[in-house]
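These notes open a run of structures that come right after.
There are two complexes below, and they share chain A, which is joined by chain B in the first and by chain C in the second.
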Partner chain A sequence: MLKSKTGMEDGFLSSVGAGDSTMLEAPTKITALVVDDDTINQMFHHRLLDNLGIRNQVVRNGKEAIDVHCSGKNFDLILMDMEMPVMNGIEATRKLRAMGIRSMIAGVSTNTREREKFMEAGLDDYQEKPLTTSKLVSILHKVHKDG
Partner chain B sequence: MVGTDLRQQLNNYIQSMRDQGILDNQFQSVQALKTEENPHFVLETVTGFCNDADNGIAQMTRYLEGPVVDFTNLTGLSHFLRGSSSSIGGIRMALACRDLRRASEANNKQGCIEGMARLKHEYNSLKEGLNNISQIERQMIGNAQRGRQ
Partner chain C sequence: MDVVVQLQRQLADHTASLFHEGFLNEQFNQLQQLQDESNPDFVVEVVSLFFEDSERLLNELAKALEQQAVDYKKVDAHVHQLKGSSSSIGAQRVQGVCIPFRNFCEEQNIEGCLKCLQQVKHEYSLVKNKLETLFKLEQQLIAAGGSFPTL
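Moving on, here comes the complex of A and B:
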């Protein structure tokens, strides 16, 4: 049974084959925002984060991501889909960076053709969908290192 | 024991879907998110996916069969369904969505008609399998709840 740095036993990390080197900062300290228009991906990413003990919120598009930050909220990690109605992930990432948001933003998409443009908008990381536990853990390690 | 039999039945069924190429490893990731506190997660995900796919495919059919093909919205929806089918592990359906999207981006009506037919075929296979999985899941949840009473 793996343990988080708080000493809490983490059966989930063990059950999904996370290695012994998977040590997260006290999970409840990390917060995340899921930005995705697809309800299945919303459910999936929300549950993935929940099971890792990461408090998270879900919004449906880039504009809602901007609005939630304008309301005063801040997150350690933002999982940003690329193609969304109203405001896409590229535009939302640019705006968040222009607002001075320094959270880790990881792009998550199936569209590999615009990956470079997405990265240039201000991403810290990019992962192809579907997001898996191991991909998410690799993202979270970067949050831990930069935090 | 009944519980073990059902679990074995579920595993065998999922493996057969993987052998046919209908599901890939991603479905295991969905299953891994099911916990004692949230035993309905797989059921909820499958239900949500099928609802979205039913509505999406119906809408895409309207876009394709209209007097003027709405390639823009057809492209958007095929991308949308590709994402959700990938997330649930429906690899063949995801590939069908990808190909339909390419035809739509090229404004290729005949390609879209063929792509749509293939997408519907792959979705029907996937949906049938997911419904069977859901049935076993419900039995397992029911047994677990009765075991706790």
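Moving on, here comes the complex of A and C:
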């Protein structure tokens, strides 16, 4: 439903968050995949990324995240929810790593009880919901450092 | 008094009370910040989805808790969803009731669950009313030729 806008201009991360001097300075060509079953979160995460000029695609569960990679797509960043139907975030992260996907995967969840298990599945980062611009920016800093 | 000024004052008071009385938290500001010229209805769209989702979940919860043998796993999954969507829009009083609700699910405490369902329904209808008033005031203000400060 919320596919990324192709042809969207690359934005400047430095243009967000007035007063925050730690923003990334380079124009971004970062691409992202949002994996979440909740429509509100889909809209919200899509818009948060869009607002930072990051082209992004939205899928509804772990299985769809695998499928989109099988079709040859690749993303710099994957925002992965944990509790989802069909295939949850833990299993999806494990599978993506087993497929050799080296994208930065950030877990975004409310379930702190299984945080360790989620991290061990192959996450690079974990953020508690609700996601905010500053949390997203802290994730993006890591993308730049690693890439 | 100028209609626009009066509406602006009303809107400011109403918004302030929503935060002071704890109906909304800073997450709602996050949503407002994501609204711009290219997404002028973002907040209304997300909040409408929240209304739809919540009403569906509250119905499902009422049904699930009426059963002879209550499926607490199912109840917990619904409460988890409600907690997630309420936290996404910053409806913190709804979100707040979801925490004891989930604990009662874990304990399989039917009275506790039913009490929480009543509370969460109550909190939901309060915040729904407040948000609808907020949107109405915003519309009236725009119709009167005014604009409201975006955060």
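One rule holds for everything that comes next: the second predicted complex is superposed on the first by the 120 of 147 C-alpha atoms of A that agree within 3 Å, B and C clash if a C-alpha of one lies under 4 Å from a C-alpha of the other, contacts with A are read in each partner's own complex, and residues count from 1 in each chain.
FYI, contacts are C-beta pairs under 8 Å (C-beta built on N, C-alpha and C of every residue); 3 or more make two chains touch, one makes a residue touch a chain.
As the structure is a prediction and not an experimental result, all values here were calculated from the model.
After superposition onto chain A, the partners chain B and chain C occupy overlapping space and clash. By the touch criterion defined above, A:E83 reaches both chain B and chain C. Measured by the number of chain A residues touched, the leading partner among chain B and chain C is B.
When the two complexes are overlaid on their common chain A, residue A:T133 makes contact with chain B and with chain C alike. Once the two complexes are overlaid on the shared chain, A:M43 sits against chain B and chain C alike. When the two complexes are superposed on chain A, the residues of chain A that touch both chain B and chain C are 38-41, 43-44, 47-48, 51, 83, 110, 129-130, 132-133. On chain A, the positions that touch chain B within their shared complex are 12, 15-16, 37-41, 43-44, 47-48, 51, 81, 83, 85, 110-111, 129-133. Listing the residues of chain B that touch chain A in their complex gives 26, 29-30, 32-33, 35, 38, 41, 44-45, 48-49, 52, 76, 79-80, 82-84, 86-89.
By the touch criterion stated above, chain C contacts chain A in their complex at residues 27, 30-31, 33-34, 36, 39, 42, 45-46, 49-50, 53, 80-81, 83-85, 87-90.
Chain A meets chain C in the complex at residues 38-41, 43-44, 47-48, 51, 83, 110, 129-130, 132-133.
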